[in-house]
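Each remark here refers to the structure printed beneath this line.
For clarity, chains are labelled A, B, C and D in written order, and residue numbers in each chain start from 1.
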């Protein structure tokens, strides 16, 4: 089977992953409306391609928070990479470095931050944080990440409680016994707590204490994070102009427009639609990124045309891992890179700086 | 089979109920367009969720006409609960009381009001009324309900004649001989009439006399009802701003925006769409509720964001009964409660009072 | 099988008619887009039903050009009724009279006007005319119709050539040898011509001469018709405000908004959509009717709410004939009548005069 | 099997062509959204047909750049006709001449320009050009075409690199060994280069050098072409008002609104939608044509109503060739001609000059 486009990797992963793992990665909240809308919304955007512009020399590099990456696609934070490939996040880190792009490692990694760092020294990495009720544990994680050379801190804002993912409940999803949420083990060890992280069926708010996540987090906690670290803070999960304005006012360095892959509140906006609103509110004061629904190089072009500085891919990265680990993820990234470069050329742009809103229009359908 | 969401109960009921009973509960008028639109219309509403608001303590209680309920979901009036479960409306009453919410008992119950009251003393209940040609029978019903401690009188306004439900006609739907519309039996006994209530194929207006319902009812009859009882009067079946204004002017205490589950005039508006128009017209002068199409906790959140004080569920309650009687209906209510609480939290609301129109927008699709 | 709604008759006819006859009746031009749009367009119209209006006494009668009919549904002109039922148009005439409504007999009847008249003396009938190249033949037809007591002359304006109906071409559709277009036989006999009417595969304009229809007809020919007869002239096939204005200016008494059941120019407007434009242009100067896509009593209510004085049914009448001849057509009309009366009542109208545009709104979908 | 409409030819070709050839002709870029939108967009346009206009004498001729053609449908440039029929472009040329219309021969023909000319002397032909890195080869081609009596030079502007057509990649599409891109062979022979043209899997920009196409072409190259030839220059692939304005300013004589059959940048506009924008920008200064999605005579009428002077068909011509070579292509053209004439008549137009924007409206759906 030729791996020609990202759907090929999706079909492979669906066929070869254990059902419980596939379901966990594929899950959306409730009716999965938002998960699917993330993709459909891209299809409602039409290009306005320009002709006869010299596209013989293509430059697809960009910078995020000052770091150059080979093209504007990074790896979004997703949990439990060992469910997709034995080496887990170590493979992810290697692939990202090989492709010279940014990898956002999740709190819920099945490798420690130390293992991830050691696997791909020198790679550009950010660390994704959930704030726990036990603030000392979170503090410890942030400071470990900074010490290990992670260059950004991504605070996830949309998970005070876990969304209701029906298949995970039906499957009784939990990690296999040989996998651990290793970062937290170490954090809590330090903090003398012993949480059980195997069960992830936290869909009911009053069960939140079993996850340890803190649903009382507010904007003021940005100041607390600021006091812990010099890393730039990127907030992930913003979907409205009001929250975008609050993010800027609270001093973050970046915003990831995200609905958690449609896994949290179902029937919120598609991220590419929310991006327009957020970009308008931010007015260039901080960088804006987007994740969710990216399946083709032309989706990347659309996101950039609408103001994103870079996009991040979640499930496609997992499909790549499921296919062939580090190599499979590189394949996924290469395909996106080739497609992005080609889309740019066919739309008449020779470099990322030429991409702008004039390239797209929203279909009336 | 795990009962994870309301669709699971629907699938169960469809599989295990006698076809004739399932068809009767599922029936919509004509092409069932409005029945299905009630559900689809919710899907066209998008949330605008807000992040980083302290949602560690959730309060989902509300009040309707001064009575506190545990969350803003009550039981809509539907007929013939014995078709779903042997104990019929007695089970419904017990489940509603156990969940501390409101149950609107139908004129067409298969248990008497007295049996319903005795089954769950102290529960919050309203009584739903159809006005009969024999006004003495209706008067007797209203006064019995008041004497039994029912706390509201719900007048159904959208059934001067019964809608045309094709499957009921094909099935020759009638109640099994051992079931009775007991409230009417007693009312008519008192009034020395002997109507036959077995056949429900009243789709042709000139057959209305066989049902005894009075198609000459007008707004003035609200004054007549007012003269019979001190109970608050809630009018059910309003879909336009004009009728909402008339309802307020005629002194009702509440309005249920309803299209009778799509069983009366097909191709009227979805109730969630009509709600917007009615709430605007009412301008807070009376409480507005809505039924029809509620299938998820997030639907409840949408209805409240658009101005409903509370929603009522019809078919899902019957599915719960069909599953396990009182216990099954409690399961349905608990799922809605958990989903509603989680949706509120993920949208950034810690209490019902924080819910407002800013939380939603209508999709352009 | 219970015959509950018009679709039941459609299913019956599809099952029991010879394929070639079913295909001929069902045919639409080209991709059948307009044929299907006629139906879909009704579904995009939503009612705004009003409650608590006295609907105990329902009056569904109306008048067209001064003649009272029992309800606002007549029989549109369609050809070759013997393909559906041996007695052909004689059965149609009897059913229309029995139901006290108007029947528009087609030029392409398989019975003569004399046979039709004799079958149902005293029935309200209009005659539908195609103008032939041989004007004497057309004149003879008009004058026969008037002499026989037909009370209106319906000029079809949308068939200068026959539309391209793919299935008829594939089937090589022609009338079976024992059926004749009898009106024309007699007309041309008088005129000493001998046209062959068996083949109807006239989809190519330059073949028009084989049908004898005159593609050079213009608005001035209304004056010629006017000179031949005292009958009111109704023009059928108008779809635009411009042509509606021309029709009024040329002195017609009525307009039938029609796209020939989607059998002529594919991808023109649905008739219910065009009705709005025509009614607006006509401003009450002449009566406006509509055909195409009527499948339920509520469709009739929608058409009247949008300004039609009466609707005409084409294919459903043929399905009724195919089911049981005169009796089957009466069944179809009775169902529409019952459904129309019930829809009116549920929308809050006790008589046709209460129907108005306030009852409907166009769905945004 | 009767060949009644263009879909019949499509079904035939799909059934009888080798899969690799069918896939190549059918291919769209990426998800094929734009390829399919080209067709769907026509369906969203509704006619406003006018009645009772004398359509007894129909004149469907038109002129393009001063040359009369029998009706406003020409043959768009497509490659490799020998994949469809052994005689390849020679058959195409003969059919176009027989039908008295214009054939745009592709650079990627499997016959030489000389063979094409000799096959149908006197036919109206334009030559389609891709500009190569080796400008001498392109110059030689242009000058050969002019010398052979081609009457227009069509510059394709939308293929700096080849679009990503997934099936071609999966199939490893290349020409069978016995077919050659003969025009280029001769051109490069003259120029002492030896390119390999068998592989067409050029989806990645950096592979562009293997095709020899020059991705550095800009508007200034129009001046270079102008210096090589006296032929009128038509630019093909324009989709925006901005590029339409540039085309006019750089002195072209015509514009073909085209998205290369949806084979280049996926998710650009449907051509019939882009036509509106381009026609408005051009304001009659040069002729505007359109290709893509034409499947019925009524599509031609819509394109002309929206301002196109003529349309060109791509895939339908190949289906005709696949069916019966020259004769099959004539069949396709005759069907379009008959359908176009009939649509005009049914819309009330007796000649092309009567076609205008008043005939159409965009559906709100």
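One rule holds in what follows: a residue touches a chain if its C-beta (ideal position, glycine included) is under 8 Å from a C-beta of that chain, and two chains touch if they have at least 3 such contacts.
None of the values given here were measured: they were computed from a predicted structure.
Chains making contact with subunit A as well as with subunit D: none in this assembly. When the CA atoms of subunit A are superposed on subunit B, the rotation angle comes to 90 degrees (nearest 5). Shared residue numbers account for under half of those found at the interface formed by subunit B and subunit C, and the copies are therefore classed as meeting with different residues. Ranked by distance of CA centroids from subunit D, the top chain is B.
If each chain is reduced to the centroid of its CA atoms, subunit C and subunit D end up 43 Å from each other.
Distance from the subunit B centre to the subunit D centre is 61 Å, each centre being the mean of its Cα atoms. Remark: subunit C residues 30-31, 33, 157-158, 160-161, 163-164, 166, 169-170, 203-205, 214-219, 221, 235, 237-240, 242-243, 246, 264-269 touch subunit D in the complex. Only residues 2, 4-5, 43, 45-56, 58, 296, 298, 338-339, 341-343, 345-347 of subunit D touch subunit C when the two sit together in their complex.
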